[in-house]
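Paired with chain B in one complex and with chain C in the other, chain A is shared by the two complexes that follow.
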Partner chain A sequence: MNVLKVPARTIAVFILPALLLYVCIVFIPIGVSFYTGTLDWDGINTAKHVGFDNWHRMLFDDPYFWPAVRHTLMYAVFSMTEIPICLLMAILLVRFIRKPNRIVSIYFTPVILSVVIIGQLWSTIYSPESMGGMLNSVLDSLGLDSWKHGWLTEKNIAMYSIYIVSLWQYFGYHLLIQFTGVQNIPSEIYEAAKIDGADGFKADRYITLPMIVPILKISLILAFIGSLQSFDLVMVMTQGGPAHATDVISTHMYNSSFLSQQYGYGSAIASFLVVLCLVFTIIINTIMDRVERRYS
Partner chain B sequence: MANKLKMLSVVAAASVLTLSLAACGKDSNNTNNAASPAGTAPAASSPAANGGEVNNGEKVTITFQNIYADETTPTANGLKQVVEAYTKEHPNVTIELDTLNTDQQKQKLKTQAAAKTIPDITMVNPAAQMQPFVEAGLFAPLNDILDKDGLKDTYQAGLLDYYSFNGNVYALPDGNNIEVVYYNKDLFAQAGISAPPTTFDELIEDVKKLKDKGITPIAIGEKDTWTGSFLFMNILLRTNGGPGFLQDVLDGKKTFEDPAFVEAVDAFQKLVEAGAFPEGATSIDANAGANLFKSGKAAMFIIGSWETGAIDGSTVGQAGNAAAFQFPTVNGKGDPNQFMLAPGTAFAVSANSKNLEVAKDFLHYMTSSWPQIQFDLKNAVGQPQLMKGDLKAAGYSDLAISVLDLFSKVNGGDLAFDNTMKPAIAQVHLTSLQNLFVQKVESASVAKEHQAAYDANK
Partner chain C sequence: MHKLKKGIVYLLIAVLCVTQLYPLFWLLTYSLKTNEEILDGQFFALPKSPVWDNYSNAYHSGHYLKYLSNSVIVTATVMVCVILFSSMVAFAITRFRFKWGNLIMLIFLLGMMIPLQSTLLPLMIIFRDAHLLDTRWSLILPYVAFSTPIAVFILSGFMKTIPHEIEESAYIDGASVYRIFRSIIIPISIPPVMTVCILTFITIWNEYILAATFISDEDLKTLPFGVYSFVSQYQTNYGNIGAFLVMGALPVILLYFILSEKITKGMVAGAVKG
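Here is the complex of A and B:
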């Protein structure tokens, strides 16, 4: 930091515009949300202060809040488990395919598609056979009748059906990130390692993996935070139903705010989401820092 | 330091959701200081309030948020006609249609209301559902246009009461309907059912017979949760032995744990267990659900009479296979001549509209020509306004005439759940019922869930 010998005041001046913007569009709204979270407000008429009643209700009295948190965290875990697979795939692509870019592009296609389109597409795939559901028809023609399900209508399955769609959509995204990371490792290192007798997966273990840790970290955090905020896909496919079975934190927030018209309560949930994201970001960062330090 | 910044930026990304919610509340208020000078003059006293002249030919655009998403329906068709005719007469006016599904529109309007930026003309449901909007002063009173050219007298007696608060009418309904059971005569014959059921037990029997033939007994689109609720409320109307259950709850005379409510839940679950509803009902939206009946895949459709015109135009209607009957008695209780009443979704004008007078003028134009247009489009059933003309001579179907006949039998009834109860309670009710489609639940616990929601949101 001190290498440039720039006075602190200069730094402050240069940072200020961005900081101001950042405060205005991030911190102030968060503050407002926390404040709204203490109101009893239908969103249209005058609000009433109720202190921490909304928080109390959320944490102790709302039977659908903790399940929504669980669904959200599971969403995050599922998204993160996808990343090692992406890494493996990226390594294989770089090593064995002559022109891997094209394949990576193909994998990337779902990322470009709008979530609404993807949601509609998969809703149709998942729908019952009588409504033209492809998945059930395929299972039927394979003779796997017993595997058929109401993918979006059975309460204990619906959530997983949505996870799968999300995994499918973001596979290419994480693959691209990992792929770029693997490609950017200088080939000299591998060549030097080869002379020392480290080749193939041994080289991956001792060279690729340590060098890709920062990239891995980005992927993990993106996947994690992305899942915590998951909203659009759930909204398009099930709107949190049947009967809250696929509610995640953000859809629960939305339903509370806009359908039940309890904006104060919705804001309390939103504030909880902010805290949750903050806590988990710190945790992931701490863990990844430790991992990074071990390898460097 | 760099690490902390990175962390902060991730937190920033995390807060986008919160941000968007908060931003809604912070949106600029649509004040009416930009309104035209003529716009502030009361329409009744201003002779210029006669059409587009209000704005002296100045170009104006009015946003008209509506729920006529299915373009095949007579209402959507009628809307198109009215807009075309009006803009032809008033070339300076552009009417921008914001057409949405019912549920989407409800959500969008609430979001807009929170930001006080509701469209010039929008649609709301009667009674309890529009009350918060009125209390917040979002809607303009429409008394003046009702008084103009005797528009008020074209509406059925008493109907506008559902849209009136403190002596002012704030919205004009697009319909007035009752809940009936449409059925497919051909599919009934295939299943060997000779006459429509008059008791709930017979209904269950018929459901089983249809099911055995591989026919979906009752069409529904429970992804839009109001559909199941509307059907359930009809059962409750019977088990309660008459209308007024929800009103009694509101008045503190009854609770949701009343036997009538529990019995209705049990009866409803009996329907579900008998396999009355299509596979994956909770993932089918209301339009797709209706199409199950209209395309001849489902034998019955329990819904408001607003579907009559659309059914007439469908495959089933064209083949002359559609007919309607009254919802049967349940366990010997109730009067079939009592119906679920559905005073329609209604057109309201934003009080903050920059083009208030033009919006009102358009609404006056529309509602004045609506009865004739709908009559000509074979959609006379369920209209809020009095119809002139001979149905038979105009070539109306037997279905339409028989449904209109049911109208004449109406001897009281109830409004839908979400027209009577607060949104927070209604929401619990709607999801609780959706749950019955996918899971067997102890009826007492359904009742308890309702009562808890009621107590928490009184």
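Here is the complex of A and C:
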């Protein structure tokens, strides 16, 4: 039971600064966004009410909208497939390396760097040989000329090139989360299991996996929601090009609002994104809770 | 058999070390090469003689120091505000006897799921009308707002566990609420405050999209946006670009070198509690 009985004014002093700022910067803009989503507005001239026209156009008439949604969801799927690999590596690190923390810090290094640095670094790696691109030079020297590509300029490859960068950057992040989880499992449990004859991967199947489910859930949610919000890496590397081939929801929103000055339409996409994030968070949470219950 | 298995595991771990670090190392060698060296396809080769000029060129023509100090000013202000605001809220939620604590917590939690970019357009309109666009406030305000929820969450998780007897006796001795907050609760809460510091620092220091949208004044650009402008401006000056990227990464890398354990712990705490 909380003990401090204080007058309402004191409560206000402690809570209001953060709450007001928060409501003004996060909630009001979201509301504004839903509202401007019903306008035909270029941001300067007088706006015209058009009801749900923007939503209708987005869902049915925009040839680039659904591909952008697909790219975003693929982004999420790719990010999530990385997580089992991270778990496996975490288990191997804990089991085979005496001081695993050093290695985990090495894997973690890309996580702390700005997307601008990561994006530019990889753009350079992907760039054509004539511009010093590493990947194509490597392929060339291995005699794999036919594998060379314009990694960010060919329409059917560019999106995958970006997924790879994201997987590379966040590998260490998810590894670290799993690693901490595996490390926190008390070693007595493994010792007891060993006496009962469960060892190695059998112990992993029956001990590590069930005990790591809550952590796995966190990792999956972070990967999924993070991917739905994927934005800056694409902005830095391709801005959604070539010809919308790497557009995700956010870049499509950005380009529609800031490049083609369709503020109303951009707001509709932004609102869609908010709804999508909330809905998917709830869905994943429910699924994972069910999985968790089955294991416990 | 066992040895073979061990060998494979070590190999796997080593290969991943290389894939995670080699691109960064490659950038370092790249930044010390001449344009000719970069273009001749010898990607593994180390620079023949390191071209430090790349660095001095990038440093001067890229306004490195200006961007760096802008980043420092913005990040430091944001960190101070986030810690102050969020610890106050966490304190009120966990220690005061009042009805709406849970509701307020819920409001902050809800906000953690809202993607920052969906507020980009409305915020720009609001800031434009309030004449805040192209000032540091246009970055500081949203940064503070978006960093607060996770900070409140981490801090209140900790403050819940502080025994109530501590402030009870202080209260009976006549200490004011502000006094209890300042001299008892905050000093005890230093470890989670450090976690919040690290988490806020890494996210805000690296933030690019808001900086690129709300700021156009050369004198106010933060480092990530500065790096981006530099790269688009000096497109074919490969060595200089490499040097500027390295310098852009340097502050965080140095910090990571000194505090790697703390940083990794802080980032995981942020993830697991979020």
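Here, the second predicted complex is superposed on the first by the 268 of 296 C-alpha atoms of A that agree within 3 Å, B and C clash if a C-alpha of one lies under 4 Å from a C-alpha of the other, contacts with A are read in each partner's own complex, and residues count from 1 in each chain.
By definition in this document, contacts are C-beta pairs under 8 Å (C-beta built on N, C-alpha and C of every residue); 3 or more make two chains touch, one makes a residue touch a chain.
Bear in mind the structure is a predicted one, so any value in this text is a computation, not a measurement.
Chemist: Check whether A:L92 is in contact with chain B, with chain C, with both or with neither, and answer first, second, both or neither.
Modeler: Second partner only, chain C.
Chemist: Which chain makes contact with more of the residues of chain A, chain B or else chain C?
Modeler: Tallying touched residues of chain A, the top partner is C.
Chemist: Which partner does A:I225 reach: the first (chain B), the second (chain C), both, or neither?
Modeler: Both partners, chain B and chain C.
Chemist: First (chain B), second (chain C), both or neither: which does A:V115 touch?
Modeler: The second partner, chain C, only.
Chemist: Check the residue A:G150 against both partner chains and state whether it touches chain B (first), chain C (second), both, or neither.
Modeler: first
Chemist: Does chain B (first) or chain C (second) touch A:S130, or do both, or does neither?
Modeler: In the superposition, A:S130 contacts both chain B and chain C.
Chemist: Between chain B (first) and chain C (second), which does A:I30 come into contact with in this model arrangement: first, second, both, or neither?
Modeler: After superposing on A, A:I30 lies in contact with both chain B and chain C.
Chemist: Tell me which partner A:S267 touches in the superposition: chain B (first), chain C (second), both or neither.
Modeler: So A:S267 meets both chain B and chain C here.
Chemist: Touch check for A:T246: first (chain B), second (chain C), both, or neither?
Modeler: neither
Chemist: Once chain A of both complexes is superposed, is A:D42 in touch with chain B (first), chain C (second), both, or neither?
Modeler: After superposing on A, A:D42 lies in contact with chain B but is clear of chain C.
Chemist: With the touch criterion stated at the top, can you tell me which chain A residues are shared between the chain B interface and the chain C interface?
Modeler: 1, 22, 25-26, 29-30, 32-33, 36, 43, 129-131, 225, 228-229, 231, 250, 253, 257-258, 263, 266-267, 270-271, 273-274, 277-278, 281
Chemist: Which residues of chain B touch chain A in the complex?
Modeler: 1, 3, 6-7, 10-19, 21-23, 25-26, 107, 110-111, 113-114, 132-133, 135-136, 138, 216, 223, 225, 278-284, 288, 297, 422-424, 427-428, 431-432, 434-435, 437-439
Chemist: Okay, in this complex, where on chain A does chain B touch?
Modeler: Checking each residue of chain A against chain B gives 1, 22, 25-26, 29-30, 32-33, 36, 42-45, 123, 126-131, 133, 150, 152-155, 221, 225, 228-229, 231, 238-239, 241-245, 250, 253, 255, 257-263, 266-267, 270-271, 273-274, 277-278, 281-282, 285, 289.
Chemist: Quick one: which bits of chain A touch chain C in the complex? Just the residue numbers, please.
Modeler: 1-6, 8, 10-11, 13-15, 17-19, 21-30, 32-33, 36, 43, 89, 92-93, 96-97, 101, 103-117, 120-122, 124-125, 129-132, 134, 137-138, 140-141, 168, 171-173, 176-177, 180, 215, 218-219, 222, 225, 228-229, 231-232, 235-236, 250, 253-254, 257-258, 263, 266-267, 270-271, 273-274, 277-278, 281
Chemist: Using the touch rule from the top, collect the residues of chain C that touch chain A in their complex.
Modeler: Touch residues, chain C against chain A: 6, 9-10, 12-13, 16-17, 19-21, 23-24, 26-27, 30, 38-39, 41, 43, 85-86, 88-89, 91-98, 101, 104, 107-108, 111, 113-123, 125-126, 141-142, 144-146, 148-149, 152, 164, 167-168, 171, 177, 180-181, 202, 205-206, 208-209, 212-213, 223-225, 227-228, 231, 238, 241-242, 245, 248-249, 252-253, 256, 260-261, 263-264, 267-268, 271-272, 274.
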